[in-house]
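Notes follow the structure.
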Amino acid sequence: MEMAYAQAVALKRRQLWLGLLLLAVLVLLSGHVAEISFSKLYQQIGGFSSYIDRIFHLENGRPVISDPAEWFWGWKKWLALMGETLLMAYLGTLLGATAAFVLCFLASQNLTQSKGVVFFTRRLMEFCRTVPELVFALIFVVAFSLGPLPGILALAIHTAGALCKLFAEVVENIDMKPVDGVVATGGNWFHKIRFAVLPQVASNFASYALLRFEINVRGASVLGFVGAGGIGQTLLEVIRKFYYADVSALLIMIIATVMVIDAVTERIRHKLIGLEAKS
Amino acid sequence: MSDLTINPLATSDLAPRELLRRRYASHFKPFYQDNLMAIFIGLVALAVFVFGIYKLEMTFARFWGGLGELGKMVVLMLPPNPESWAMTKVYLYAVLETLAIALLGTLSAALAAFPLGFLAARNTTINRLVQFMARRSFDTLRGVDILIWALIWINVVGLGPFAGVLALFMADLGIFSKLFSEAIETADHKPVEGVLSTGGSKLTSVRFGILTQLMPVLLSQVLYAFESNTRSASIIGIVGAGGIGLILSEQIRTMEFQQMSFVILLILITVAIIDFLCSKLRFAIIGVRAR
Amino acid sequence: MSFHRRAVLALAACSIMAVSAQAQDWKAKYPELIFATIPAENAAQVTERYKDFGAYLSKEIGVPVKLRVVGDYAAVIEGQRAEQIHIGYHGPASYARARMTGVKITPFVIEVAKGGVKGYHSVFYVKNNSPYKTIADLKGKNLGLVDPNSMSGNNVPRFAMNSMKLTPEEHFGKVVYTGSHVNAVMALNQGTVDVAANWWNNENDSELVRMSDKGMVKKEDFRIIFKSEQIVNSPVTYLDSLPADLKKRIEQAFLNAHQKDKAAFEKLSDGKGEPYQTVTHDAYLPVVELAKFVDSLRRK
């Protein structure tokens, strides 16, 4: 008995070492491919701190906090752009969540008879989820012209893919008894969803959607890099034109917005999870 | 269950309806009474939605016109065609570079976040101030999108995949630290007490009490993040931080749609393979089969 | 020989050796030089255009000169600030921006176009089949600029529109930085923008002509609706911190390029350019003024 235990432990150990060895090889290969150079990093790390230093100093050389009015000179313009960014994230999340809501039942094995439909929906959503938003945005800018519209659509499609997977997982985990109950009373497919499935999943869905909104605010802030609206284009411009103080001002605005959204959605999500636990 | 026929309710069953109504009054209330809050939120959400559509000029005409353009582009994109073997080699190398960036970025961030997670967890930190500062710093790291980090790091180490790895490192550091700290906070305290009660030091209590619970969870999160990071790594090339992103954005600009769809196909296949490997790995480590 | 003369000869020999040793000194400090250019075109095209010239420079200067492809104009500036890029080919505006932000570089040669012209123009293109005749016609339409640090692709257009009492972001529907002169023309071709800014030397020498020669677009599809005053041509710069000896060699290499490696030199401008000439910072003072003026426009 003790021999068996020792052997099992030894086997696990061997597997662990082999796994780590494989990982080490992969890491070294990757380091070579990715042109990692620790000496370069060491030399240049001063550049990073000097860059951080530069963005926190105004053009006259004084630190930014010495003159907040000058630091945030464009706050009206920038706040409007932040608002546009938030609106983009909101619309994208809402559209994507709606699409995911409609499609997730088709992707759940316990509610859809046809295995083919489930498979097809799942693969379609994987496509939407895997292609990065920025790639969709690039393509949509060519099709839909510049502005927030391509950005919102890119966010919506990616959100639909990501949420549909999560929604489908929730749906597949529900208690089937209420569903059977509705069927027993003669309900059709719509009744099934509305009365048996929804009450169990609604708060989970909302929670995931809010999480997605938080992620999308971050994503929306860089869509402007490719002309798809929001504060991204301005940020790109000030970084490239070396308007250093503006870089820190904009970054702080973006970070502050994300933090606020984070905190608010977390509050709401905790309430929703509480609701779910109660029911 | 299989041979029971389900008979819908007959009219006769509805006879005691009044009795039911009186006994279960709350279930017969009109829908809107219970859910005033939800309806209100729904209306507000709708109002913001409509406002957004108006403010951002998302007219139906634009949408429809754009859809037509998109259709034309999709037709041009099929079939995916890399044009030549030489180009295919370039694409494959770029995909390899993308994977390298993802691997190194994820790994370095996970390793660095491991000790930092303890700092940000309420039950293992030094004091409340340190924990608060740690949490806020990670929020800052997370709040900055990876593309922005890429731009900053390109300024430091120059163009190329190294900047990409560093950018991924910064972004993931915040994410992993937060995830790790949350996992540490929700860890069961009883094994820790158990070790302490048998005379173990604080360090051993952490090693055998918390870590054994934590490892599977952390590894699972890291593997999941690796898949997501592969996708992030594939776009940072757009600003010059290595990987296949640069190729992709140039193809879109020069309208080489068939080559572009080939590259997108490569990305899809790569992520699917990574997904598959990661779930296999997760099963091997945790013994839980992912769905 | 007297002792005195022997001493003088020995001293002379020593000093000659010292000078030549010093001359080779910089090779140890600079085992290779990095040459970077603003990405007026896309990465592959830049590499294609400059690689032969890079080989020529390596031969002339005596150390390997590597071409570094960068993603945007600012990258050349940052690269020289970090002294990672030794020889930088700038546009006039990016050179001005570099000096304004304290990068220690000096221009040593200037590009020359056909006819000895040391200047070029900024133009606005529209599609030939579009109805626009003037910038005023393009109200509410989309403008494609090049890069925030481009002279012909940003600064001069903004200056010109300011003279017309127009603010680009208000007059046009959308203003976007396409990233390079090639991208601006491509965006116009695709219809993503309705008007694009670009550089232009003469009828036979412009980014559009270069693209047309490559078969990327047809130059007949486009027409110019605006041409700016002449802008001083682009400088090639080197770091102030390079040894005087090395700087001399670099200068000579550029000034003699048209003779010593005609093919590589001609490739730089599709055969349309004339030999490099020397230049100093003074030629770019007006450009610095313009950059400061355009900066001030932002605050309005």
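Per-chain numbering from 1; labels A, B and C assigned in written order.
Assume a residue touches a chain if its C-beta (ideal position, glycine included) is under 8 Å from a C-beta of that chain, and two chains touch if they have at least 3 such contacts.
Here the structure is a predicted model, which means the values were calculated and not measured.
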Just grab the chain with the largest centre-to-centre distance to chain B, centres being mean Cα coordinates. C
A-C versus A-B: which interface comes out with more C-beta contact pairs? A-B
Centroid of chain B to centroid of chain C, CA atoms only: how many Å? 42
Could you state the distance in Å from the CA-based centre of chain A to that of chain C? 40
Cα centroid separation, chain A vs chain B, in Å, comes to 5
Residues of chain C whose C-beta touches two or more other chains: 72, 82, 190
Using the touch rule from the top of the page, what residues of chain A touch 2 or more other chains? 44, 47, 142, 145, 147, 236, 239
Shared-contact residues (touching 2 or more other chains) in chain B: 155-156, 158, 239
What residues of chain A sit close enough to touch chain C in their complex? 44, 47, 73-74, 141-142, 145-147, 227, 233, 236-237, 239-243
Can you tell me which positions in chain C touch chain A when the two form their complex? 72-74, 77, 82, 97, 101, 142, 147-149, 173-174, 176-177, 190-193, 295, 298-299
Parts of chain A lying in touch with chain B, wherever the complex brings them together: 23, 26-27, 29-31, 33-37, 40-41, 44-45, 47-48, 51, 84, 87-88, 90-91, 94, 126-127, 130-132, 134-135, 138-140, 142-145, 147-150, 152, 169, 172, 183-186, 218-219, 221-222, 225-226, 229, 235-236, 239, 251, 254-255, 258-259, 262
State the interface residues of chain B toward chain A in the complex, per the touch definition above. 6, 8-9, 45, 48-49, 51-53, 55-58, 62-63, 65-67, 69-70, 73, 96-97, 99-101, 103-104, 107, 139-140, 142-145, 147-148, 151-153, 155-158, 160-162, 164-166, 231-232, 234-235, 238-239, 242, 245, 248-249, 252, 264, 267-268, 271-272, 291
Going by the contact rule set out above, which residues of chain B touch chain C in the complex? 154-156, 158-159, 239-240, 246, 250, 253-255
